[in-house]
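In the two complexes below, subunit A is the common chain; its partner is subunit B in one and subunit C in the other.
Right, the complex of A and B next:
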């Protein structure tokens, strides 16, 4: 039982205020405005259309395509980030601590770069005429195979690579913190019993990292699902709408085509999809910690 | 002890909330004074970043010296410009006094009430200045900027896509500068076979659409029929999309993710022997400090089928409806678009002004070798549609052209798709 409930309420008041004003009110506004047809700046002359925008979303081939693209991007980026982030964290644990700290700091540097700058950097890196990616691939004769940002399937993969480059350090840092809590004696005991590195990874490391990985999946997964800046900087949603995520589509509808009501609807549907995909994981995460 | 801890915690919470309250107070104060610089007027202008913006920033110091009005420029990337202007103007933040807007944005801006009508300001000689001379503006541009009988913006920076070729590189390859579709395809193919090709702004976006519609109109194609209804699936339009598809197959590697900026860079660094760029960026090509090809380039209208045709794009200065200094803002717009300042800017970076008297100025033609190419393109020229649903059409065409370019989709099918999706919006 809390001894001073009023003091507790007073102390959490700033955080609650931020949640209400920065999250709940805009969400409510978005939900209400998604029931209208209006242009930005013309809110007072909005036409009430009720659920027409939502019906339109479900019948819009481009909206469904952008949902599929968003899911594909999230799956691809998240898988690669987990693989690389956890892998690097495990490898860093196996080298002398001094080197692990230096390399860890070095690998974390992409986190310091803003996403839009990452997009611009990789846009030039992927350029077939001027960029370093094609230059390196040409050493192995792969420059004609790699589609980069030009071919539809390859474009989404290339955008995911750029995103992975930027966000894997986050997974690395969190996984490293999780690994630090695993007692070294467990590995010593396993080694004495004849376990190899792979066995230790699968039977000791990953099971004990489950809670940490669940949190990483939720945080990075929701971020990847809402991806905007890196796609906007790299491809703008092209080529042929093959990298058109839900956020980019909402942006196009709201700011390029002045259909703000529909753009709000796309944003609400994005949130709904996020809840459907990640709510079970969040429930699992809270269930474990109680 | 517990009481003192509680007291400390309450004090810390108060300190945490204090910046929120003080920000609101200072924001209110700023709203009352209008500027953060006391009694002196400061205008904020919003425009597209780039070499032209840099040159204009230098010229603005003259205005400051003449009038005592300070000017701050918010110059940003083209892709963010409209969004940022829209956000500020719709929110009535008062952040901008003067906005540089493209002709296709103006109908939307006017209908949303973002801009002030300028007719009363124009009549005031103390604001317009003696060098203003309204009849000297290109009458077509004034007509486009006059909506519902009122003038909403002063036209200034005119541009059109151009074909740019490196005379030395073409000569080395034994090729002549092309003019027609067939000639261009042949030259591009010959260069592509040697590892280069034509530099195209084939990224999914408006650059490709600007070029496509100019080429379609050169083939007697267009978006609409005589009754003004959307009619995309016509022989001339299909032929043009097919030509675009053929051109992309002989384009330089990377073209399908290039906008005008990247094409210009490829020309500037002598990577591209030929390319489709835009007149507003040609200054950088002839700048000896920045360009490897200054003095080596030729300029012409876009490849045509029947006769040359240009897509007319121009920028204008509009006074924001929520500006706290509308008269001063208009004064700046009139100064920037006056004959002497436009000529100064043209001499500085070869910009094409909206002033008729400057098109044949010998001093300017000597400085900007692309002017004859522009004149050729603008003999027959038109803007993109100014219909309220035009942005949807542009986006749909951009996606269709990209699908044709990267996926090899059928031109007729893509046009049919766009027609089916958007016909109702243009009834």
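Right, the complex of A and C next:
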């Protein structure tokens, strides 16, 4: 540890500059322009409407609907991913390490695939005429019940399943790393004391995994709340706006309907909602790790 | 043990259930990937058979259509360029920053590090809309500047946190000894710190390149026909009413296989990397 304030500033500045140009200036600009009513490219003829866009957001049934859809998607995807990811991590921990490592490598593959390709793959599999999902469901006679991406009541669920496919490996990897840090002696001791597997899971594994799970919930939760790519690729927000997330809604308003001012308002409200939900969790998890 | 036979059976049953669960999850994770690779090698007729056939005439027709007629060769080069430049930038700038924050006793170091982390809370769309408008004003829309700038800014926080973790794990005496021996702070950085955190640099380089390679939203809106990246090219297929499954599967395979191969080498850094060092792998 040495003090070299000028050198330190010189080393920190470039990174800060990039963040200022790519993040802070756009954010400030977006905040200001959300107070205007204008279309792309006609900034000069923008009319100042102050908070009208924000009032409009609160009164816009579609905006409220997309907020609810975003929350529902986040809750559904996150809980399925946690259940499946942590479950598989516990299972992997109980088999010989060599096998666990090989299987783990295969299990993490979906994470390496671009979300737009995940969308492409799942659209192929959800196709009503030749999709493999309907084929598998037909073994159980469920193919006529399942609505896939076509029916409003099913589309959000189907999109969430594709998201679960893509990101459960992330939960699995992080949970495995967390599990690896729990000393095996604890389980030995519990077993000698006559505890069964369920007791060990509830009293040792999950409590000691709490910190790691918090990190997973923050990272995965914020990602799910911002969901764009996979919906864009699978449904584009349809059918009947049933998969319209906040990000998709803002994108459509801005780039399809050219209402830039309102689009920025929606995107800023998205960020505000995100901060309200996740900032306290973040403070709890990262605040003390320095 | 009172009933060894009974216990044996129970153990056998548990193991069987475990194997079934592990095998089903394996099928669930790699099945879709294999399906798209197989589809890319089928002709138009075999693509639409239900259930998907595993016996078919191999054809590379889809690849030639994607690469030659579909401009995918160009998107490939564009993607590689954007990924390379933005990951070099984020690892380069991020390493300097991390070193200063950990080793140079900066005032407010922890505050600065946490401010970087706040960047993770900004939704892509909140950054994209104004960035689009601003780049449009200065005439840089459609160039590589947009995606490179956005990808670098998004990768910087996690790179800084990951490398800070690596530097913090180094024995402190090492740097101190170098300084006592008359090294300047920068010499200590180049001769001691960089060689020792090389695995960390490689891991963050790969993780940021991978993010950039796969990223869609920024590339979609900030590029034009000449600067499209692979995900954007694929999204143009997916977006159309009738999808050319053969061609898009070939493009998807070309895009994802390099990442899957590279990903196998950085297995152990994924946990640390994706959580900004909050979870040790």
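Simple rule for what comes next: the second predicted complex is superposed on the first by the 283 of 290 C-alpha atoms of A that agree within 3 Å, B and C clash if a C-alpha of one lies under 4 Å from a C-alpha of the other, contacts with A are read in each partner's own complex, and residues count from 1 in each chain.
One rule holds for everything that comes next: a contact is a pair of C-beta atoms (placed from the backbone, for glycine too) under 8 Å apart; a residue touches a chain by one contact, two chains touch by 3 or more.
Small disclaimer: the values here were computed from a predicted structure and weren't measured.
> Quick check for you: in the superposed arrangement, does A:252 touch first (subunit B), second (subunit C), both or neither?
first
> May I ask you to decide whether A:11 touches subunit B, subunit C, both, or neither, giving the answer as first, second, both or neither?
After superposing on A, A:11 lies in contact with both subunit B and subunit C.
> First (subunit B), second (subunit C), both or neither: which does A:151 touch?
Only subunit B is touched by A:151; subunit C is not.
> Looking at the overlay, what does A:204 touch: subunit B (first), subunit C (second), both, or neither?
neither
> With both complexes superposed on chain A, which partner does A:263 reach: first (subunit B), second (subunit C), both or neither?
second
> Mind working out whether A:241 is in touch with subunit B, subunit C, both or neither, as first, second, both or neither?
First partner only, subunit B.
> Of the two partner chains, subunit B (first) and subunit C (second), which one does A:40 touch, if any: first, second, both, or neither?
both
> May I ask you to decide whether A:179 touches subunit B, subunit C, both, or neither, giving the answer as first, second, both or neither?
After superposing on A, A:179 lies clear of both subunit B and subunit C.
> Quick one: name whichever of subunit B and subunit C touches more residues of subunit A.
Of subunit B and subunit C, the partner in contact with more residues of subunit A is C.
> Give one of first, second, both or neither to describe whether A:278 is in contact with subunit B, with subunit C, with both, or with none.
The second partner, subunit C, only.
> Identify the residues of subunit A that lie in both the subunit B contact region and the subunit C contact region.
In subunit A, positions 4, 7, 11, 14, 40-41, 123, 129-130, 232, 236, 251, 255 sit in both the subunit B and subunit C interfaces.
> What residues of subunit B sit close enough to touch subunit A in their complex?
6, 9-10, 13, 16-17, 79, 82-83, 86-87, 89-90, 108, 111-114, 203-205, 252-254, 256-257, 262, 265-266, 271, 388, 391-392, 395, 398-399, 402-403, 405-407, 409
> For a test of understanding, state which residues of subunit A touch subunit C in their complex under the given definition.
1-5, 7-9, 11-12, 14-16, 18-19, 21-23, 25-27, 29-30, 33, 40-41, 43, 88, 91-92, 94-95, 101, 103-117, 119-125, 129-130, 132, 135, 165, 169-170, 173-174, 176-178, 181, 212, 215-216, 219, 222, 225-226, 228-229, 232-233, 236, 246-247, 250-251, 254-255, 260, 263-264, 267-268, 270-271, 274-275, 278-279, 282, 285-287, 289-290
> Contact residues on subunit A for subunit B in the complex?
4, 7, 10-11, 13-14, 39-42, 123, 126-131, 134, 148-152, 232, 235-242, 251-252, 255-258
> Provide the residue numbers of subunit C that touch subunit A in the complex, in ascending order.
18, 21-22, 25-26, 28-30, 32-33, 35-36, 39, 47-52, 89, 93-94, 96-97, 99-101, 103-107, 109-110, 112-114, 116-117, 119-134, 136-137, 149-150, 152-153, 156, 160, 172, 179, 185-186, 210, 213-217, 221, 230-231, 234-235, 237-239, 243, 245, 248-249, 252, 255-256, 259-260, 262-264, 267, 270-272, 274-276, 278-281
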